[in-house]
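Residue numbering begins at 1 within each chain, and the chains themselves are lettered A, B, C and D in the order written.
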Amino acid sequence: MTFRPLDRAGIAARIARDIPEGWFVNLGIGIPTGVSDHVPNDREVIFHSENGVIGAGPAPDPDKIDPYLVNAGTQHITLRTGGSFVHHADSFVIARGGHLDLCVLGAFEVAENGDIANWARAPDEAVKQVGGAMDLAIGAKRLWVAMEHTTKGNGGSRIRQVCSYPLTAKGVVTRVYTDLAVLGIAPNGFLVLDMVDGMTPAELQDRSEAKLHWQ
Amino acid sequence: MTFRPLDRAGIAARIARDIPEGWFVNLGIGIPTGVSDHVPNDREVIFHSENGVIGAGPAPDPDKIDPYLVNAGTQHITLRTGGSFVHHADSFVIARGGHLDLCVLGAFEVAENGDIANWARAPDEAVKQVGGAMDLAIGAKRLWVAMEHTTKGNGGSRIRQVCSYPLTAKGVVTRVYTDLAVLGIAPNGFLVLDMVDGMTPAELQDRSEAKLHWQ
Amino acid sequence: MIDKFVPDVPAALAGIADGAVILMAGFGNGIPETLVKGLVAQGARNLTLVANSGGRDTGPTADILATGQVDKLICSFVRPDSTAGRLFAAGKLELEIVPQGTLAERLRAAGAGIQAFYTPTGADTLLAEGRETRVINGRNCLLEFPLRGDVALIDAWEADRWGNLTHRASARNFNPVMAMAAALTVVQTRHIVPLGDIPPANVHTPGVFVHRVVHVPE
Amino acid sequence: MIDKFVPDVPAALAGIADGAVILMAGFGNGIPETLVKGLVAQGARNLTLVANSGGRDTGPTADILATGQVDKLICSFVRPDSTAGRLFAAGKLELEIVPQGTLAERLRAAGAGIQAFYTPTGADTLLAEGRETRVINGRNCLLEFPLRGDVALIDAWEADRWGNLTHRASARNFNPVMAMAAALTVVQTRHIVPLGDIPPANVHTPGVFVHRVVHVPE
């Protein structure tokens, strides 16, 4: 039996499974944005968007777009009943003050000590695309990362002993969801919590630069 | 001719005369509270109260009291048309951020360098009644003090070379309104801007511990 | 379904431990009086109470101070002639006096994840003695640290089941600021409203800062 | 009578000097587009522009950058493939990248009279290189300073003659924060309303932070 990697929507759906009702959640750009599509409507999860939206809902029908309502990716959204608006400083009170139960970010790499690199692939491009990632990374109660386990090009592992790209924040990741597995961050490094069907520990370790641990 | 000191309401009225339309003003407890009574209704001056009231109006008729609307002295007030409410942190954004055109405080003493002492008469009672005075004193564009020129007991002058009481803030007073005179704070010390009818420079200097200057 | 309503005051205050730091909102009004009475009944001891003032001889602050439940009071002023003033004079109450704006800002900093800030308020005064200062742009500033609560006791005018709140007129005061600054934020509300009833642009305290709500009609 | 309305955009922007620091609100919406166009026409040069992002190839940010009026851009991100990105690559634009939450907080600090603050955001990253840091409660923090504007360009939904504003839905974003952070705050509003029309509890930006308002209907 060979393993079947998840596609990007599959990673998002896998994350959605682990979000309980009542959590207050910020979703980064990329794979994380898709997470909300997989949370059933009757499970109340409140999504926060950095631009001051509390209770972000799905995209509107094209004929019902409100030009004054976008998310942090500047996509048109709706507001859930019970949602509200705050200004940017108050929005980052939420993000930086420990009020998010969860933030899900995309990343280039995660290290076994919880370091995350998600904003630049090299120092010389580093000063350009920060956005709100550094604020979210240090501020949420839990930081989960959604990314492919290996790079598209050379198949190098994004699961690292030490990040090779510029850091977004140090020691903050609590869980990593990839197309192959779910990894926790334990005091001694990556702890495998789940693997896709057909995956073996040896094959997963083979695709991980850092040492993996099993319970 | 002998001079006629102003009473407390007279000091308040004298201050009101100097407040132009459009100013945003905080009034401290004591003589300053009375200032708003002397601003005519058709001169729009917006009064701020530390507890988050912008546009505080006069006391209501007794049968029209709103128990949810008080000023910083916890007296029942009204709200002017155009007024609004903010929370305490935002209220002190206004007070500390330089948004008040004027704050008028009572004081025990003012020194010729603009120091103000208004919260304690001795260090051992000093740690008890600060309230918002230190925030207002450092934050307003202009700080005017309203007080009697001399103390009631021994007639000692409140117009000092150096404050003898614990400071509220250092070098912040821009003008002093007393029952005898209006004093500015110039680089070289107190500058007499106005005196009550019948007052002479010699008599005013006699009641002032600090040296007075005339233009 | 998210539902932050609890049936009664004991449920609202369940689990408050001895030694807790309690943020009590209010300034003349907007005081969570029923919750404070409940805390007296609940009986937690060795508390630190954070409030705007030390109150008078009667009223919520005086009532809880008189029980001896509070070891330390952090506030912006204490009247010598008050329950708080007399307890302090008798050596039965520790006091930390904080300028009112700094108090509000330290609470906000706790809510906002700000680890410290510099303010000119209180610099060059007795409150600065022995404290860290720094001259920034020619202004002498005091270094201030966040003031975080274990529990915030909050008053609201309206609340929905997500914990979204409005506050009436000047009863807003410290309520939104303290709500964001505590690990457990407990609200008493005059009115319960259906979710969506408060216009999204006019929520004064978003439910994200609120954990338990109890209905206390007028 | 207080009346902050001005007749047209040139009057709203009168006096903006070369070298001014301009705060431009907006995030996808809530951008004061008409005022930015007016600033292009007004022609002040050597500006520092503070905005959430460097924009794209078209739109208000790209438009004013393309004129060469702006020497320096302070924002949270710049797309390499944008007018801002290309001007930077060509050495024609100075960039200061600030994390978005730190940007909002530095603006608020300017409005609030906070002289500096410590935040964990950006500590242990390239943005911290050569900067002052401090470990507080075990967390490494960066020292950040206020970001004050000479002029703020603000978008509003409603405004009254005192300058009280509402903002619609997510068009609120940076508007209230930048309004409090500038020496001169200029507003374009979709709607003019009589004084007292905005409920006192639901003013989003109080008029105390606003200096000039110009009516720009849809």
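Going forward, contacts are C-beta pairs under 8 Å (C-beta built on N, C-alpha and C of every residue); 3 or more make two chains touch, one makes a residue touch a chain.
Owing to the predicted nature of the structure, the values given are computational and were not obtained by experimental measurement.
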{"item": "Third chains touching both subunit D and subunit C", "value": "A, B"}
{"item": "A-C compared against B-C, more contacting pairs", "value": "B-C"}
{"item": "Centre-to-centre distance between subunit B and subunit A (centres being mean Cα positions), rounded to whole Å", "value": "54"}
{"item": "Interchain centroid distance [CA atoms averaged], subunit A/subunit C, Å", "value": "34"}
{"item": "Distance between the centres, which are taken as Cα means, of subunit D and subunit A, whole angstrom", "value": "29"}
{"item": "Touching two or more other chains - residues of subunit B", "value": "79, 85-86, 92, 96, 138-139"}
{"item": "Where subunit D touches two or more other chains, by residue", "value": "105, 108, 112-114, 119-120, 167-169, 172, 200-201, 204"}
{"item": "Pairwise touch network: line, ring, star, complete, or other", "value": "other"}
{"item": "Complete list of chain pairs which touch one another", "value": "A-C, A-D, B-C, B-D, C-D"}
{"item": "Partner subunit C, residues of subunit D touching it in the complex", "value": "105, 109, 112-120, 134, 136-137, 139, 141, 145, 166-169, 172, 199-202, 204"}
{"item": "Touching residues on subunit C, where the partner in the complex is subunit A", "value": "1-2, 108, 110-114, 160-162, 164, 180, 195-196, 198, 200-201, 203, 206-209"}
{"item": "Touching residues on subunit A, where the partner in the complex is subunit D", "value": "49-53, 66-72, 74, 79, 85-89, 91-92, 95-96, 120, 123, 125-136, 138-139, 166-170"}
{"item": "Subunit A residues within the subunit C interface of the complex", "value": "21-22, 24, 44, 46, 48, 54-55, 79, 81-86, 92-94, 96-99, 138-139"}
{"item": "Parts of subunit D lying in touch with subunit A, wherever the complex brings them together", "value": "27-30, 52-53, 76-80, 85, 88, 95, 97-102, 104-105, 107-108, 119-127, 140, 157, 167-177, 204"}
